[in-house]
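In the two complexes that follow, subunit A is the common piece, with subunit B as its partner first and subunit C second.
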Partner chain A sequence: MGRVIVVTSGKGGVGKSTCVANIGTALALSNRKVVVVDADIGLRNLDVIMGLEGRVVYTSMDVIDGSSTLERALVKDRRVENLKLLAASQRNNKNDVEPEQMRDMCLKLKEENDYVLVDSPAGIEQGFRNAVSAAEEALVVTTPEVSAVRDADRIIGLLQSEDIHKIDLIINRLNPKMVAKGDMLDSEDVLDILSINLIGVIPEDLNIVGSTNRGQPLIHDSKTGAAGAYRRISERIEGKEMPIPDFKVDGTFIRFWGKLLGRRD
Partner chain B sequence: MNNSWIKMNDESYVPVELKGYRDGLRLIIDSDASIAEIESAIKQRLANLGNSLAGTMVRIEQQNQSLSPQDISHFYSLMQQEYGLESLNAGDEIITMSRLTSSSTEKPIQGIPADSPGASVYNEPFSADKEKAELIRYTLRSGQMERFLEGNIIVLGDVNPGAEVTASGDIIVLGNLRGIAHAGALGNIAAAVVAMNMEPTQLRIGNVITRPPARKRRRKPMMEVARIKQGNVIVEDFEEF
Partner chain C sequence: MIQRLIQILTRADKSKNIAKSRLKLILVQDRFSINEEVMQSLQSEVTILLSKYFTLKTDEVEMDLERKGNALALVASIPILGMKERNNTKEESENEEPSTNDPGMDQQEEKEEATENNSN
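Moving on, here comes the complex of A and B:
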């Protein structure tokens, strides 16, 4: 019996799908059986990010209306053993799926796999309710921006009211140089508001853009930067205690020179 | 350290008064005022409360029976349509103050009179009437709202940006106050807001709505109290209180 984890954020564009693709791949690389589920029905993109777009034949919608079995709808990732994708339909919209239907599918997947990662759509409407319907735990993704943090806070409240209490936070796209200049919130500022467990900080990494466009999760090609952070998050999900590296080291240095030059702070 | 906050509206005398009871609100009308005066007073009274009263029951009371049943039902429908308040007793709308006080053993929830200098539950814990308080044991996150119109609210956690607490009495936040707090929501301008770390988006006391002046974020949060002094919301260190 595996774990169903929903990856959600409230705000769009903070990196949910990229997190799902990379963390899912990292878990599969350490020999876990993983299914990633795209719950963003009508606006699918997890298959694109994972480079599996051309191989999608059936979607979760086909499973729900009975035109495919669940097993047949799963797309195998050829690069890594034990990683499968359940794609979302592009033709339908979020209201065509009921939370119970999504729940049934995830519970079936959970029986055969170690991890079911559900990629939630942005927003707090039915798509969100579908995505969380089967989840027992959640990864909340935010960027260090006031608006994203505000939405993450709202989402945490909603998850708690859905009776999900294991909620971990991922801070994505942290730029240590901007933090040092005081132009970006640091992890401490974010945690001060959200006050939940921090499971990882992903530094801003321009390689992500290329890897997303190529459909090759960064974790296949790199061990440093964002890829390293994804790998560490997957190990923490597995229960390993690992310190979160301090991305401020380089920032302290800048602040020191800033002081000497008589700038702010 | 005194901080005069930026006032966003003016309060003045209004011929209606709101009180909170377990079964809902009572709107007490000074019947000497004209219908138009009462109507604008109701609007003024309720407008500041925004939508925080939607779904609450309300009952109209008047000091003498000079208002016609048509007027009364007009006021009920006004309150329902504009602010979502529900009529507490649609059939039996007219209750005079004398009848109510003789038949009711319930005491209204009383705030501290605004004009009594220094009078507060904190300075006189034994002589002051006991008051009810609602205890909230969790952090209020964005979009969440707590409302208690029978007394005070104590939050054992934070009030995050985008969250809202409303009480007819005082509000005490044993954590960070970063959202909106509305103390004295039924018009008690002697109500206070106390927080371990006072950084609200907006602070409302009685009818006065304020937002904090732009100030530098302090390194060390300290317990502070906000209350109305000479018509302005003043935030002070808690020990000076």
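Moving on, here comes the complex of A and C:
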């Protein structure tokens, strides 16, 4: 019996699908059976981020209306053993699926797999309710920006009212240089405001753009930067305790004063 | 040059600090506005409590959260028609205020303000 984890954020564009693709791949690389589910019906993109768009034949909609079996609708990722995608229909919309139908599918997937990662659409409407319907745990993705943190707070409240109490936070796209200059919220600031458990901080990494262009999750090609952070998150999901690096960089100016004052940090 | 250094050293207006204080205020408002029912039940409970002491114009009680500078304030407007006579036999030493027996004669308005500071 596996775990159903919904990846959600409220605000769009904070990197949910990229997180799902990379964390899912990382878990599969450590020999877990993983299914990633795109719950963004009508605006699917997980298939594209994973580079599997050419091989999608059936979607979750086809499983629901009976034109495909669940097993047949799963797209195998040929790069990694044990990683499969359940794509969303692009022709339908979120209201064409009921939370119970989504729930049934995820519960079936859970029986055969170690992890079912559900990529939630942005927003708090029906799509969100579908995505969380089977989840017992949630990863909330935010960026260190006012609007994203605000929406994350709202989502955390909604998850709690859906009776999901294991909620972990991922802070994505943290720019250490901007943090050092005081021009970006750091992870402590965000935690202070949201007061939930932090499971990972992903530094801003421009290589993500190239990996998305190629349709190959960054974790295949890199061990540092964002890829390293994704890998550490996957290990923390597995229950390993590892410290979260704080990605602090000293600006030249701070280093200069640090030396002058004999401070080392 | 020196001026620039001082400016960097004493930069109190770092944008992250602005972001943080804005967020805190936004979230206090958001968290309250989600719970419209909570506000309703607070209002009815406060009304019941105050009714033990005063005769109120219950249908004109108003309660709201308002933004006051960097904090959020609970502002209540509770029209009072008169004091209630307290028939509490247990407390004999109770201050016997002469209560107005004909409500409506002296209509007062009480304004309660409780400021909730959301400092760290």
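Operating definition for what follows: the second predicted complex is superposed on the first by the 248 of 265 C-alpha atoms of A that agree within 3 Å, B and C clash if a C-alpha of one lies under 4 Å from a C-alpha of the other, contacts with A are read in each partner's own complex, and residues count from 1 in each chain.
The rule is simple: contacts are C-beta pairs under 8 Å (C-beta built on N, C-alpha and C of every residue); 3 or more make two chains touch, one makes a residue touch a chain.
From a predicted model like this one, the values you see are computed outputs, not experimental measurements.
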item	value
Fit or clash between subunit C and subunit B when superposed on subunit A	clash
Partner chain in contact with A:166 - subunit B first, subunit C second, else both or neither	neither
Which partner reaches more residues of subunit A (counting touched residues only), subunit B or subunit C	C
Touched partner set for A:33, first subunit B, second subunit C, both or neither	neither
Touching partner for A:154 - first (subunit B), second (subunit C), both, neither	both
Partner chain(s) touched by A:103 [first = subunit B, second = subunit C, both, neither]	neither
Touched partner set for A:3, first subunit B, second subunit C, both or neither	neither
Subunit B versus subunit C as contact partner of A:186, first or second or both or neither	second
First, second, both or neither for A:195, with subunit B first and subunit C second	first
Among 19-27, 37-45 or 73-81 on subunit B, the segment whose C-alpha atoms clash with subunit C after superposition	19-27
Overlap of subunit C and subunit B interfaces on subunit A (superposed complexes)	150, 153-154, 157, 192-193
Contact set on subunit A toward subunit B in their complex	150-151, 153-154, 156-158, 192-193, 195
Residues of subunit C defined as touching subunit A within the complex	8, 11, 14-17, 19-20, 22-24, 26-27, 30-31, 34, 120
Residue ranges of subunit B in contact with subunit A within the complex	139, 141-144, 158, 160-162, 176, 178
Subunit C contact footprint on subunit A (complex, rising order)	145-146, 149-150, 153-154, 157, 179, 181-186, 189, 192-193, 253
